[in-house]
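Each structure below is given as structure tokens.
In what comes next, chain A is part of two complexes: it sits with chain B in the first one and with chain C in the second one.
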Partner chain A sequence: MAAVMEKTDGLGKVDGPANAPDPASAAAGRRVGRGMAVAAILLLWLVLFAVLRGKQTLTLAAADLTDLHRWFNDVNDSIGANRNSNPLFLYFFNEIRLVIDTLVTFVQELISQASADRPLPQIGWLGVVGIAGYVSWAVGNWRVALLTVAGFTFFGLQGLWQESMDTLALTLSAVLVALLFAIPLGVWAGLSDRVNRIMTPFLDFMQTMPTFVYLAPLTLFFLIGGASATIATVIYAAPPAIRITAHAIRSVPETTVEAADSLGATRRQSLLKVLLPMSKRTVVMGVNQSIMAALAMVTIAALIGAPGLGRTVVQALQSLDVGTAFNAGLSIVVMAIVLDRVTTAASTRAEAARSSKNRFLAWRRPLLGAGAVVTAVLVYMSHTYVWAAEFPGEGGAGSSIASAADTTATWVQDELSGLTNAVRDTLTNGLLNPFQSLLTDSPWWLVGAVLIALGVVFGGWRAGLTTAVCVGLLVGTGVWSDGMTTMALTLVATVLVMLVGVFFGVWMGRSALVDRLLRPTLDAAQVMPPFVYLVPFLALFGPTRFTAIVAAVVYAAPVAVKIIADGVRNVPATTVEAATAAGCSSWQIITKVQLPMARGALTLATNQGLIYVLSMVVVGGLVGAGALGYDVVAGFSQGQLYGKGLAAGLAIVLLGVMFDRITQAAARRAGA
Partner chain B sequence: MTPTTTEVPQRRGAPQDSAPTPVVSVRNLWKVFGPKADRIPESEELCGLTRRELMDRTGCTAAVRDVNFDVSPGEVFVVMGLSGSGKSTLVRCLTRLIEPTAGEIVFEGEDIRDADDRRLRELRRRKFSMVFQHFGLLPHRRVVDNVAFGLEIRGMGKAERTRRAQEVVELVGLAGYENSYPDQLSGGMQQRVGLARALAGDPDVLFFDEPFSALDPLIRRDMQNEVIRLHHEVGKTMVFITHDLSEALKLGDRILIMRDGKTVQCGTGDELVGAPADDYVREFVKDVPRADVLTLRWIMRPAADGDALDGPELGPDVVVREATRAVLAAEKPVKVVENGKLLGIVGDEEILAVVAGREGDA
Partner chain C sequence: MAGHVKHWRVGAAGIAVLALALTACGGAKVGDDSSGSDSSGGSAECGTFNLAVNPWVGYEANAAVIAYVAQKDLGCKVVKKDLKEEIAWQGFGTGEVDAVVENWGHDDLKKKYITDQKTAVDAGLTGNKGLIGWYVPPWLAKEHPDITDWNSLNKYAAEFKTSESGGKGQLLDGDPSFETNDEALVKNLKLDYKVVYGGSETALIQAFRDAEKNKKWLIGYFYEPQWFLSEVPLVKVKLPDYKAGCDADAEKIACDYPVYELDKIVSAKFAKSGSPAYDLVKNFTWTNDDQNVVAKYIAVDKMTPEAAAEKWVEANQDKVDAWLK
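Showing the complex of A and B:
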């Protein structure tokens, strides 16, 4: 190992200073030391585990509560009792809820829900399809407009028109509010270094958190329902838009800004005439990210009473109705694809139009006008005639899809159960169970000490300190044992993610052809809300922890694969060439040159893999993964478990912070 | 050493003494980056340190150190130095794109460092303009709108600024490309847009920050000729930054050589080649074809008693290469005469030493 590292270091620093060997061998020594330390820690843990098994494990039965949970319950009750008398609620939280509620209800009455004086929404399906198609064409191109029309019609055929429109209404309202804050904040962060420095840690933190944990605290302040769901979505959708807007402003070439300055532009002029126009394209990418995040959140927010497709999926998952879940999941996938394609097309449109010369541009205005007139006619018809307002048919396509999915699921369970069960049981018994019992059956202080020690070894003293604080607080939440179960699931899933990630990442990094073939699939997989991944694996493996793990692996793998592929690709071609010239085989090049040199990418992939897996594993609580995810969900539905759910949400945050800090610190070390 | 060096002090002082009031006059200009930068120019001890020592002692980098020069009206003044010598910082200090730490920059009698934001903007809008190495064009605007950008910022009406932009576009040879977007043009043409944008506002002084460094050698030569042509046509005062000595010699009336933020030498091209101030400059000008740069003034020798004084006459500022044929064709040494006064004579010996050998290298 040491020799390998030394060798690759030597290769990497071809033009390094003459005294390079010293630091290189010191680094190699440190790495050996780190490997030994980890081995020693794990060995000690196993020995102590054998001796102390089952003692001081802090297990808590499903219905048991700690003082903290009861206190949370009391807080919730007292907030509930004083909601309309406490000035903070009366003049702040309730006002926000009112504004958001009004906005959401307005959009819903426009496209999805009956209003007081009408049995149908103001704009029927024909109008919505017309508007969606027209807007897609105007901001994008005719291809995405066709896709939009087909996708929206498909919702109707599935018999999920109203649910889809509810999801769309919530998503769009939330994105509207989020952008209202996010773009000005992003511009500000782009212009001012200080604001950027202050804002970045908050954004990092917000994006590290699984979607799930935003829900519980918000219900405390805004009650269960559409408003809470929208606010959670706003909070989740804003960070990517802020970050990307700031990045867009920052990446405008300095010369251009300087040129405007040298011509005597005021700050306002250089913002309006230089910075904003030049960052427009990237900002639209931010809007895209924001919309995708919002869609993911809106579907999960079904747990706190958001209407729409998410609710259909949740209900179907809870009753293990694979067919219905699949049908609604398919709608979510279609909506994700449509929204993603349209916004992506919008971000590339300006250039496309410019390069296609002005031939078509002359026609664009009259065509846009004509399109607007046609759309207005469609909207009017859908407002006036029932056939254009209510989607015709009974959603026959939807029931066929559902029953086909059911049939397939049954067939798979009947015919392939031998195979799927074998896979499931091997992994569960061989890897998951021993690891989980190691974590849950060790005394809490032993696990805590091991975590802190590993934190120090991988991430240094600061990471160790963060770990210590997180462990302490985790014990305080009272859901230590469930937390350890979630951690076991997360770590096992992350190991699998990294295996998949290294295999495909190296393959993609080494072959441009494989990259071209796989990348679009990975990109598409990344825009899907995490929810929909549960459905097919529920059909395959039934409601078990393993289902959650597989869904988590599939959810997290794309991002890990892409990071590793980029890392392998970024290994300088000359280094690979030098290794080839020295007579390395492909295997030697991969293991001795490409992977060691991509170790920064590997740690980053581990970081992202952990975060993605964690967010999926907790959602897996819905399909039998239990542990913290289940505690959170149970907290929404049962009043006396509310406090425990809140504590479980907190525990998820602590796990997320701990994983993130350790791997970030490790990544910084690897990069240094 | 050749006797020519004796002429240097007199020659070097000449342009400034006889020149009219300078357009830009820079006095004791400092730019220091780092914590508490103000203290460096004030402290005599810190001023004396080298760049490296200053970094170690104070954590500050002195990019421009005590630079002085004057630019006369209509002159092309070149600042030359290698990367990191502070030349780009210097030119940005002149328009306060970078705020100088200490010193004076007097423009038409007004110290620019005293100007408030509004006045500074006014100066930038009317009096100066700048051409950048990486063009700094707006990719979302057509060529003509890029050229009109400065006028738009001033608040000029659309019809008028488009008309003016059109004129300038034609002046820089871009007619026919008005409606293209910058990314549809080659690098050289993009820099023509940059040049047009700078000229559109009819400024008094043009600043060029390594404008042609990013271009191919052939295109660079075209653009240099373009600048010379424009200088003849519009006669603007220009301050030109470059790291390329041949470019400096080709364009510059006078050249200031910078190293580590300090002025090493300031003078005309033939002064730099004929009388380098130190080894650094000497090393720099080593490969310059001397015959193209040196004038007769630098190679003439005093007339001795035995010399025939009835040969042809030439001025002292005639470049050696141009004089070669005449000197070699004449049977007697050529007389170097200025205002009817005999300065010295040049014979075949002197000419051949420059054209064929490496005279003055020792």
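Showing the complex of A and C:
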């Protein structure tokens, strides 16, 4: 079973973890040289920092703006003012909105909302459970069908049936729209290198630009409510599907395509008969990633009036009601796990069916027919009878879950807060503060030069060039100093992510049992809306940068753990056996064999860890991280800071692109 | 073979369900009775009333009571929309929001939407008075009574140091939705403090809760009316008095925040529509105590907004009648 949200391309596709054989001695020599270069750069930086401290740091107070920020404000205002006369609105955005709104309303009236002539949705809970179970069985297998039925029934027991269905309706609509664009674009990018190159920066942008930045303008373009929420979700959910589809098309073996060509297939034929069927399995994983990304947007969409579970979470947090927020968060986790397992089963079904006996296939058709009849009956009953339409009961399980979560959170807060404060202060004073002041108190050109030099050393000239461009643009955004503070936080968090990742990744990679036990927890940590655990974290660590770091680690570590576990597992068993036979201890095997051979996975984990940490910058801004995250949040809340928030969002994108290109180039070198 | 048997079982289960359906296990039919239907009569004259709900509990209390009365007494179809202030105001122009029923100042938004775009109009005061300022937890005010005067803040600056404040005292700021002059205040009052941005109301409340419980030193930006004050009665620190115009130049502010007369804003279209809901919004007025009661029902007693509103309306029918006159 694939993991929930294993977003192998947070930013830019990473060429599969390269488990290269041990490097030749020349490469080792090069590495020593690189280490020396890095040490020299850092030493020079420290010396210059001591001399130039506090000069040309480009600091900007929280309420201050630059001309660029004011210009963004003006553009935003003029769009709002001309909304009703601009032909672009009248004939373009309004039409898009109409189509999307019709789709969303249709799905909602089907499963979640009352329509004009009916007090209840068209299909009640029994029908939805029936359809979901049947579809899971038809595209997957009976095991995931059981999981689906159990999961959907659980929503009702939690007392969140309608909210869950609203979330499901929005998610399905958004994924449908996203795929409508993503699959053709992905195929195109898969066929043409040029298209791929042009598209990649846009995809990076869509995935790293904090949603808060475009949420307010979206409601200007597409009004408040379901349509805007769906479009915001589409923006975030389409890129993974595009990338994975392109990747799938690219990985079809060249010889197969050539064979088709030599048989006289036209381009169209080779696309429809060869490329698409052969990449079907990977494309379904793209659908999976789209769904997971869409679910990650549930709470954010609630901020612009989207109904559903996200709204329950946001409302509960106004009164710091952790229990209720957790209950709704749990529904999101369950929905994510169900949808993940079903799509994963669907992607592996083709092979599973092929390898099983023919008699099974012979029975399949009549059984599918029978299932369809049963489902139709369930749907009919849930349309007609109240007991099958409205989930019975008061959602007692939900209130027990809520009170249990409350008790646990209170206990943790009371018992652990002394300990946690000590950890926080040690890390903040020992590591974070010195590092941050090194970054923020050095002159901007010094930090910029250091970054470019490191980019060249780690990633080569091309990466150095990208870094230089990013540094230049960062200065241009006017939030350089905040950017450096955020960079310090991001890097410290990434170090922690990697420590956690290596520890659990090695453990999971070496033991299938541990893997099976830990994986659901990792899945949950990735899809549980961060808003839910921020309250207990705030109680433990106070509104500090450290709280933001901890939240980022919780969100980013699972990806790193999974990638590293995969890497460790892929080390050939014979190599490990040979080492064991040679008398190596477990510790020696891990440090001398498994980790060095999983080097490709480690770099990939670093890349993804960084990108995931960066996507938590805005959440960090809500709990005391300040800097870019706070700028974005404040820009969303206050009109006169809008432009600054947008600039801060751009700065986050730039940091993301810079980190991504350097680590990717480094990964390619590690693999070479 | 196992799969074989399994599928028979599925089939059997299906037949059982079919049988169940055919024997008309029945029960009430959808649409037969009023269960699940919450539309009441008379909705024709009021129609749909789009009420923005900004994300704080005090606002929720106003909105809950207005929605309850509009639905019950006027027969409106009330659509509540959970939105941040900026987006709610934007909704006046796009016709998606009819009313905002607790507005804190926001002169910039008033200029943009009331004066320039003319999509919104003022609908009078709510009767609530909003205070913004610096607060300390009650234990601190009790043990060091002089701390509630800004003149003695420098004396205690060292106590307020945290890992975030870079050697100075920490002044914790919170929700970015509210305007703050704190950086200017710290500078112009020559205080040895650094403003640290908590970034959300959640962060502020949790910090004050922790400070009161564990007797920690904390001074921060807060405001009332706010439900949290009924849990922990924070004490306001006295800053130099506010005088009209003393906050004219943002850079040079050295005085307290003004008292905000909280008001209601409606869309221009809604004001002209003749909807009875508009008259209700216009006439709605109550006290800080009233709001605190409803907010406490919602936040502390965990009642739903509807139940909280119903409880308050039943106890205060005379006030409601005055709005409906």
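In this section, the second predicted complex is superposed on the first by the 404 of 672 C-alpha atoms of A that agree within 3 Å, B and C clash if a C-alpha of one lies under 4 Å from a C-alpha of the other, contacts with A are read in each partner's own complex, and residues count from 1 in each chain.
Assume a contact is a pair of C-beta atoms (placed from the backbone, for glycine too) under 8 Å apart; a residue touches a chain by one contact, two chains touch by 3 or more.
Since this is a predicted model, take the numbers as computed values, not measurements.
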**Message:** Taking the superposition on A as described, I'd like to know which of chain B and chain C A:Gly472 touches: first, second, both or neither.
**Reply:** neither
**Request:** Please indicate which partner A:Gly264 is in contact with in the superposed arrangement: first for chain B, second for chain C, both, or neither.
**Result:** first
**Request:** Report for A:Pro572: first if it touches chain B alone, second if chain C alone, otherwise both or neither.
**Result:** neither
**Prompt:** Between chain B (first) and chain C (second), which, if any, makes contact with A:Gly35: first, second, both or neither?
**Reply:** neither
**Complete:** Across chain A, the partner (chain B or chain C) reaching more residues is C
**Asked** After lining up the shared chain so the two structures overlap, which partner does A:Gly430 touch, if you call chain B first and chain C second: first, second, both or neither?
**Response** neither
**Message:** If we count contacts the way the header does, which residues on chain C are in touch with chain A in the complex?
**Reply:** 3-4, 6-7, 10-11, 13-14, 17-18, 21, 26-33, 35-39, 55-57, 60, 81-87, 90-91, 93-94, 96-97, 108-109, 112, 116-117, 162-164, 166, 172, 174-177, 179-180, 183-184, 195-207, 209-210, 214, 227, 250, 298-300, 302
**Asked** What residues on chain A touch chain B, complex-wise?
**Response** 253, 255-266, 269, 273-274, 277-278, 280, 350, 354, 358
**Request:** Under the touch definition given earlier, write down the residues of chain B that touch chain A in their complex.
**Result:** 92, 95, 97, 120-126, 128-130, 132-140, 149-150, 152-154, 179, 181, 194, 197, 201, 207
**Request:** In the complex, go through chain A and note every residue touching chain C.
**Result:** 61-63, 77, 80-81, 83-84, 114, 118-120, 124, 142, 215-216, 219-220, 223-225, 302-305, 311, 314-315, 317-321, 324, 356, 359-360, 363, 367, 370-371, 373-374, 377-378, 380-381, 383-390, 417, 424-425, 428-429, 433, 534-535, 538-539, 542-546, 621-626, 629-630, 633-634, 636-641
